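The first chain written gets the first letter, and so on, giving A, B, C, D and E; residue counts start at 1 in each chain.
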């Protein structure tokens, strides 16, 4: 049975409709890549799953429970409930708590009553993945660099005892070398029979690391990734070669 | 009449708002432009509100009462006044009214803190065509006089304000309809006189002749403080000014003041502040840590019903005074108290001692005048009130100068003026201790003076 | 020593009121100008409780505890009511800060008049909670009422701050202070937490109300002064900073006590305003206002 | 008015047929480029007749509304009505200036009434003590207000919005305490000063003429306040401040283009404060005195309720809000405390259910309507046309949607036809007779817009050709798209074809 | 003489050293690129050069005079303007009003023709009465550029003008940058992650890493230097990430 089943999901903000009748099903143990250009609805799709859009319509079934449906009221009102059912989101932009220490930030990811007790061991586990955070545990998160913040943000999502991890644009605004490392780390994490969706603009970053890649274009899902990426942004290697051309083709 | 005014206002506001609302955008249809016809039709009835029309024989005579009900100040006193007026009105109406006409009260809310609020309240009443105005204090009397003066109907006010009375005497032609109680400055001179009399009577031997004054921040209290200081100077060394301690309204912690008082150790302490609840708080804290042997005088505030209720046992032994209070010795006073307490379900402890009596008296003054004059003839009524003093529960109401004279400071004859009462809390109730001919009991030194 | 007691009393009362304002601001971004209404609500509830208790002849410790609990409960309920009107419906609308500010203003405008209509303009006293006697400490006397108020206030403040620092719910509230979106993402419901915050700060205000009613009584407008003082303290302390607020309460309480004792009572407002201006000149975000920097 | 032909979905505008013989002369306000009441001449595209069109109804409504406000009290000639509308005018003037501070300058200052109070007390005190006549009082008030504005604007740069708001709130309290305790200003009537030189001599005061004059003076004050608002908000200062509104992004932008928004804010604040000071002096001269209540929190709350109910940041909102609130509180005095409750409820309702008071309602309704349309349209466009979904609501031209939908369908079809066979066919013979599908594809390519259209550039005839892209702008040379050089024209043609095919595929 | 020079810039933010002894020169009508991994301090350097960040060590000279103490706005008046990474435009204005605000920002006000020229120059495709909020990224960037060019600046600092744009949109920016330098003699200092754009327009590229300049040279060669490749392209081991420094 699919862990997540989207049927006819439309969503948007205010007068704007960003997603159009999206159908998607994610299987247990699957790592799914979601690629597409800016503004074509990747973030909105992930936000819709946790109810962070302005309004949405359609059915989202997570582990047999309906978490979507028709909603027009405020953004983020149902999010905490959905998150507590076992979905962890590392949002675009670092939604970390700048005044708390790194440890407190990570702890806050284990918010539910059950995970709260095991937060120490979970924290160790996350620090194994993101080793650079270990010496920074007592530091205030607001003073971290962009890469470290992103690690805290993703690490916080990993603290939860989730069945479905959603990671939004791990590479955004990061230098190629850092983003590559981050994505590689993400893809090595053992998710068991849970699932993970990584939204990413940079297709080569995901190549070969995820089980399946879907494209996103103008608010619709495309099986054909090339169609979604009219212009595939160059990966690091391609950039170096592409310098001699007028534009990257 | 009221309905006409409401609809007049509503129509104009609706029109204006529709029009200005249309300014907000451009694509609205222009049909709203047809609206201006409405207000001029609605305007017609309000012109009928000329005062002369109110006096059709057989119809009730209307007294206007501006009573503060919503603002942050004075509501308790104003409510007292309202009650007193209701009592008088019902008594008069029960006795067949005035010349067969009943008396009616036209009550409106008034914002006594802003000139425009006072103007609005008074204009509401003059617009209704009342035959007289009875008002407890307003904070800014000139604003009220500005409306009431030209209107001409008798305006009986509880403003103890020397400057308002100066304005009246400066232009008697314009403000000849303004009848008031004695100004606040008498609190000062009366207090010093009281101290001297008390000392002479032998009931109290002051430990020293110093007088400390705790001064509140309103002009009212500052005037009283100044009058007290002047009176102390005029006493020729019998009394000596101690320290003047300034406080602000809203004082909750009196300990700094108490510490200063203890350090000064004056023979008499005057708390020149008018808010009953804060005086109650003072009483509580003073009673807990008193200055031994000092006589404490609180200004008019304890007349408010809440004082005794809040201060409770701590209030015992404090002295206070008022220039327009209710006595408890004469038959009229007792009858009034009994009637008032029966009607409003209060007792001696929880009855206001100033404004119920004053407003009760004022309605009676008016009824007395209307018995022989035409209520619509304001000049005649005013002349009658000025020329014919009557005996009320606050004392002898003689408005010869528009101001009732005060016994015993201004005149010596208790039958020729209203009385400056001094009370002491004895056995949990306010007991008149001065002047002598009205006293229920003698001054009893409180616990800290024994 | 008298001055010290004065200062302590003022500081603890100020602290209780200001911390409610500061706390609400920090966690849900709402400047609660209905704090005065919440304050009077606590007072009136305690007053009603006292009325009922006197008919049943309740006395002594039971009465005292009952009064405090009733006051805190009443204010907490009032806090929830304010939340239901000014927080829940507006919470995810744009311009929430301005909107909620105006909504709370309207509530305080309405609240005062409602008290006036139902309870009349008279001040209402509460029975003494800590007795009327005096205690001698270090050579100077202090009323039991004041002493009890200081002790209870300090204990309660300490408990709340400790709870904020160490518990899961505290972490959740602090997380929401920093980043409401992030909090939602980790499963903290802004709405429930917000209401909880309002209830807790309401309860603290109610405590202040009951304790202050010992000397200050309850009246429809008795909330205005605590509100302005609370605003000034939380301003000087740096909105949203709890240690800063406590420090500011101590500083201003001491300043007020010293001014009233050695200068004139009437100079107190000027001195307090001057100190706040000075603080803001040197620290534009108040004594502890670091939080604002990291929020956004 | 002629019969109004409805063309498309153009919004309805009132228009009048004009004499076709005469040249239409646009009347302008003196010294500006604005036409009177925004009347302009235009052709009706349907009847092809000339018309006089009211392009913006706002000025007309302002005119009617203000005229009504002027005439209404005079027509009614009721003493109470004069007083009510007089005080409405003064409060409205204060609120308009406050709107300038909060809306235009974006400073959350609550010291408005404090400034008014300082102007009023200063002018009243001088008038009482030295017999200063009222015109001089206004000037004194102006200076006091400007001084006050300067002092208050000092901390604005340093302090954060909310801190500033609370500090200015404290300032009112400070002023109140100061006046209360000052023996000179605290005066005779519990903080109120009375006996100021009045605008209308007191012997005229009770007459009808005096009342009318007094009211007209208050009305003139409102007009001046509105004029100042218009002048500042619509002028350069207003523009600069709107460019650097309130959030940090806007401020970053405006400092990038060199706007000194701090100075502009201070200026607006000073202007508004000076006006407020003058209004204070006017108030003192109008009422004959002033009271402590100007510094109180209660009045400030009521004022705030006024601008909230009307709609924050708009002059018309300030005026209407004032009319409603002052009307309720000063006219229905017999309702007692309930009328304050009513004001509170109105403020609460406007904050809960409207976006920006009464004047936000229209835009709000419009937005609801638009959102419904946009959702519908977005549903259409997502299936057929090529839009980013975000764009959909901004497209009002239906023809554009139809056009794009057609384009999209066409491209989908053409894309399906592009096969290796077709490409091979073109490679073999770029010019000449082609199969039907290729011909259609080529036709589509030929129709493309000139900007960025690929073209062949001949470096050296018969040996060296390159592919370029046209700029689309006359005088701007084409740019070279890549380094490749083609030896023959046919190969260059085919390269262009391949590029276009590639673009078609990726579109 | 170079138009803009800075020497030995050091900058500390929140207890971290962001820039360490950075010196650079930009000549008249020269296009200089600035590259480097995220967190290298590129934007911070812009903040220093543009005067938004004044608490730094070292000196900034523009057009022969030291502008060390001048604020951003004062530098704008001298002809040193910058853009931002995010395509920010005033939210409450229309396109025309935005340009008008730029024209009227300070005296002397350029003529309206100048404004039209600027809009035309960047090929702004927007109605003058269109709300800026409805513009797309590219048009926003162009509007920002046009607003900057109204003032006839001497140097423009562009912070990632191509981020968030597609290939053909980048071409338009490319064209504008080139014309600025070649036809109007305006110098350009350019931060860009899209190396292909840098390669096309810049005559010289500086590579910044960890707050210091590690390489400088023409774009054809500079990216092939081992130090640059190591900092920029090589797939890292995770432990090395901790060196990254925020440039926000």
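We take it that contacts are C-beta pairs under 8 Å (C-beta built on N, C-alpha and C of every residue); 3 or more make two chains touch, one makes a residue touch a chain.
Here the structure is a predicted model, which means the values were calculated and not measured.
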Subunit C and subunit B - chains in contact with each: D
Starting at subunit C, fewest touch steps before arriving at subunit E: 2
Busiest interface, counted in C-beta pairs: B-D
Distance-maximising chain from subunit C - centres being C-alpha averages: E
Intercentroid distance (Cα basis), subunit D paired with subunit C, Å: 40
Chain centre separation in whole Å, for subunit E relative to subunit A (CA means): 31
Between subunit D and subunit B, distance of the C-alpha-averaged centres to the nearest whole Å: 51
Residues within subunit B bordering two or more other chains: 69-70, 72, 217, 246, 248
Touching two or more other chains - residues of subunit A: 142, 230-231, 244-246, 249
Interface hub residues of subunit C, defined as touching at least two other chains: 113, 116, 224, 266, 269
Interface residues, subunit D side, partner subunit B - complex: 11-12, 14, 55-58, 61-62, 64-65, 68-69, 72, 75-81, 83-84, 87, 177, 180-181, 183, 186-192, 194-195, 205-206, 287-293, 296, 298-299, 311, 314, 316-317, 319-320, 323-324, 327, 329-337, 339-340, 358-359, 362-363
Contact footprint of subunit E on subunit D as seen in their complex: 236, 239-240, 242-245, 247, 249-250, 252-260, 388, 391, 394, 452, 471, 473, 479
Residue numbers on subunit C that touch subunit D, as the complex places them: 25, 31, 85, 89-90, 97-99, 102-103, 105-110, 112-114, 116-117, 224, 228, 231-232, 235, 239, 266, 269-270, 273, 276-277, 280-281, 284-286, 289, 292
Contacting residues of subunit B [partner subunit D, same complex]: 2, 5-6, 8-9, 12-13, 15-17, 19-30, 33, 36, 39-40, 43, 46-47, 49, 69-72, 107-111, 113-117, 119-121, 123-124, 126-127, 139-143, 146, 150, 161-164, 217-220, 222, 246, 248
Residues of subunit C touching subunit A in the complex: 91-93, 168, 171-172, 174-175, 177-191, 290-291, 293-295
